[in-house]
Amino acid sequence: MKPKIGFFDFTSCEGCQLEVLNFEGELVELLKLVDIVNFREAMTEKSDDYDIAFIDGAITTEAGISRIKKIRKQAAVLIAMGTCACLGGINCLKNFRTMEENLKIVYGDAAHYYDTIPARPVDAVVPVDYYLPGCPMNKDEFITLVKALLLNKKARLPNYPVCVECKLAGNVCVFEKGETCLGPVTRAGCKAICVTSGRHCWGCRGLVNDPNIDSEKEILQKHGLTTADILERFRHFNGYLEVSK
Amino acid sequence: MTEKVLSKQNLNIFINTLLSRGEEIVGVKKKEGKYAFGKIADAEEVCLDYDITLLPPSMYLLPQREALLKFNIAERPVASPVIEANPFILFGVHPYDIKAIELLDTAFSTDNLDTNYLSRREAATIIGVDCLNPNPNAFCPSMDTAFTDKGYDLLLTDIGDSYVIAIGSERGQALLKGCPDTQEATQVELKRKEEERQKALGQYKVALDTPLEKLPQLLDKSWNSSLWEERSEACLSCGSCVMVCPTCFCFDVQDDIELDLVEGERYRQKDACMLVDFAAVAGGGNFRDDKTSRYRHRMYRKGKYIMERFGKPGCVGCGRCASACLAEIASPAETFNLMRGESK
Amino acid sequence: MTKNLSEGKSLYLPRVAEITSIETIAQKEKLFEFKFQDSKELGHKPGQFVEISIFGIGEMPISISSSPTKKGAFELAVRAVGDVTNALHRLSKGATVGIRGPFGNGFPVDEFTGKDLLFIAGGIGLFPLRSLINYVVDNRKNFGRLIILSGSKTADERMLVNELERWQVMEDVELLETVDIGNEKWGGTIGPVTTLFSQIEIIPQNTFAVTVGPPVMYKFVIGECQKKGIPDERILMSLERRMKCGVGKCGHCQINGVYVCQEGPVFSYARIKKDKLTEAL
């Protein structure tokens, strides 16, 4: 029996689902192992009989709360896919304003038609079995997780910072180039893709289990960021976490 | 063996001759104002006056990730060893990195022969070059790694318009036979080599206060020092120090399987004691679960454990870790000097 | 580098072994018997371990539970705690696994000749000790007294019950048991395994103590052994670490400068003190 998989979107750009469609060759291989029964972005048929639910997006409405609870009831395994689902992500920027303000900015006079609550990651509402962080989520991690589920093996995310993969990639450190970076406290698994492409780490994969935030802040300050700059940097993807408050 | 001399221009011709013969050459190239080892396509790319590379050349002998076994679990699981080793030339290796490779040679051939490493090592021809332009964080003279008289097939020293070439092995000698423009080095040229080396020694900015052979004793007394906690307070557990280290050779082993869930490989990949989960065990529990104990363990490996186990220093003083550490706590020399200050 | 160094076999290729029987010990523990496909012996000493492979899942160090006196097959008692052990628990008789080893120093059984032996097991520490106990039982005349102190969390979590009962009825084996938490089914001693020390009399100059159990237990057991007057050289223990490669390369099992997979897992308390193995206990 092939396990049945469903993809469900909440508040997000749906880019993580697009990533799945971008798998190409691997998608064909994957479909030999699983049945996709619910995937709004890719197919019209949909079924509520699924074993594994991939959640794309943060929870930002009351309706979202009841919907995710329903999905949790059905799914034997629930996976938060992408930064929005894992961490709340960029959606949490709105949490630093009142909901009334947000509605007014976005919908103006039509504000009263809409329901909005502070953005939160999926695990703030229901238990999550596995996480695939990243903006967008990482294809290799997705495939590794599916294989692990099929083999009855625990999939684990790296518990070391991006610096590990960045050094192994042979990159010149962002700080040495006179810029700043959240790599030293951000969970690896992305192969330091942003630094390798000439940018810096924004922390989209969330923090490692026991980050040395004090040390990171000190280093950022030494390299020219103000306390406000640092807060803004963390809020970009990690607004739901204590570090951004 | 007598030493040879080759003009810089002729060295380039030599490199290009090797390349045209189909030799794979891994050498030092510029990278965003720094230097990195990489595959050489033309002699013009090769830098021999670099201070230090971002990553050590030992990664070409002990790759960041390397398959150990291939397996197939279709019916009855079957596995076969994978040992990959293609001949190549590691070009422009500094003496401290040569000494680091010698440590790996010892570590991977002591007690149990690691054929994966040893095969690749045997396939490598090492052409060293003296480091005349040391990295500001380096302390090679203190670690006895500023120069070396072994561990290479050929060793170059820049004496201005040409290189003095020391021959370290028959393989090196044979390689040089393909280079018709070498001359016997004259006394004058050998004297210039010595002068260049002396000049380089004067450029090191960091030095160890303790004689190298006394390091284990120093550390023997320092286990309970409060400095370990103070020093490691800012540690990010980011692994930068150990990822760039030429003498770190610890690894993790994992299985990876294809999407058919039938064919796969067991591989090893770089792992290191500064990472949080390094000493964690399956049943839960972590034997070094705080940054202080991890930091101390690394320093003891660098200054004591490796030396006692393999008879060679666990640190070659290259300074890569100190350059890579944002918290500015990674330099073994600095740490050992603080310990020495405290123990006085 | 000389050429012959690279011509050996891969250190990492396991031998194929077949599961020839499986016995359930407790909820999360099973005893597996293996035979090598080439019918060769494992050739181990009590206290050594093997690396067991389930391809696609991984490899894991497991101490050997059978005595070398058992010929033609060997046994591993395994608690399902991680990926590999859980995968092993899902296998049936007839399935094959990979085995590397035996690795490690094992117990110094030759030094035990003629001596009284005091074994102290905590929980599944009984699994590696079973190898040594049965070795002694099978060579009974070579050794003095055999005293086994075994502690379990509860009566329901007693491991290898059949084996305990077999040893219990042997005339020349003194087996004492305790449980941390008693219940109506348990009529015996209640308390940590150290409680049992007050119930035994030994001649310390003639005794070797061997303890295997959870790390927290060791300090207390060592203290009791010392109180009994057993010299530190004869207080032996098996230390569990993450022995990933088993061949002294990967670095995971290090205690200070010592590679447990090579120089351990068996250490005397004297060695731990002499070599300043501060990370050991």
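The chains carry the letters A, B and C, assigned in the order they are written, with residues numbered from 1 in each.
Operating definition for what follows: a contact is a pair of C-beta atoms (placed from the backbone, for glycine too) under 8 Å apart; a residue touches a chain by one contact, two chains touch by 3 or more.
Please read these numbers as outputs of a predicted model, since none were measured by experiment.
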If a chain touches subunit A and subunit B alike, it appears here: C
Which of A-C and B-C has more C-beta contact pairs: B-C
Most remote chain, CA-based centroid, reference being subunit A: C
Separation of mean Cα positions, subunit B and subunit A [Å, integer]: 37
Centroid spacing, where centroids are CA-atom means, of subunit B and subunit C in whole angstrom: 39
Centre-to-centre distance between subunit C and subunit A (centres being mean Cα positions), rounded to whole Å: 44
Where subunit C touches two or more other chains at once, by residue number: 56-57, 82
Contacts with 2+ other chains: residues of subunit B: 257, 261
Overlap residues in subunit A, where contacts from two or more other chains coincide: 151
Interface residues, subunit B side, partner subunit C - complex: 68-69, 71, 73, 76-81, 83, 85, 105, 107-116, 118-119, 121-122, 220, 223, 249-255, 257, 261, 264, 266, 268, 271, 273, 278-285, 287-288, 293, 297, 300-301, 304-306, 308-309
Subunit C to subunit A touching residues, read off their complex: 56-57, 82-83, 86-87, 90
Subunit B residues within the subunit A interface of the complex: 31-34, 36, 54-55, 64, 233-240, 243-244, 257, 259-261, 270, 275-277, 291, 324, 326-327
Touch list for subunit A against partner subunit C, complex: 151-154
Subunit B-facing residues of subunit A, complex: 26, 29-30, 32-33, 143, 147, 150-151, 159-161, 163-164, 167-168, 170-173, 175, 177, 183-185, 208-212, 214-216, 218-219
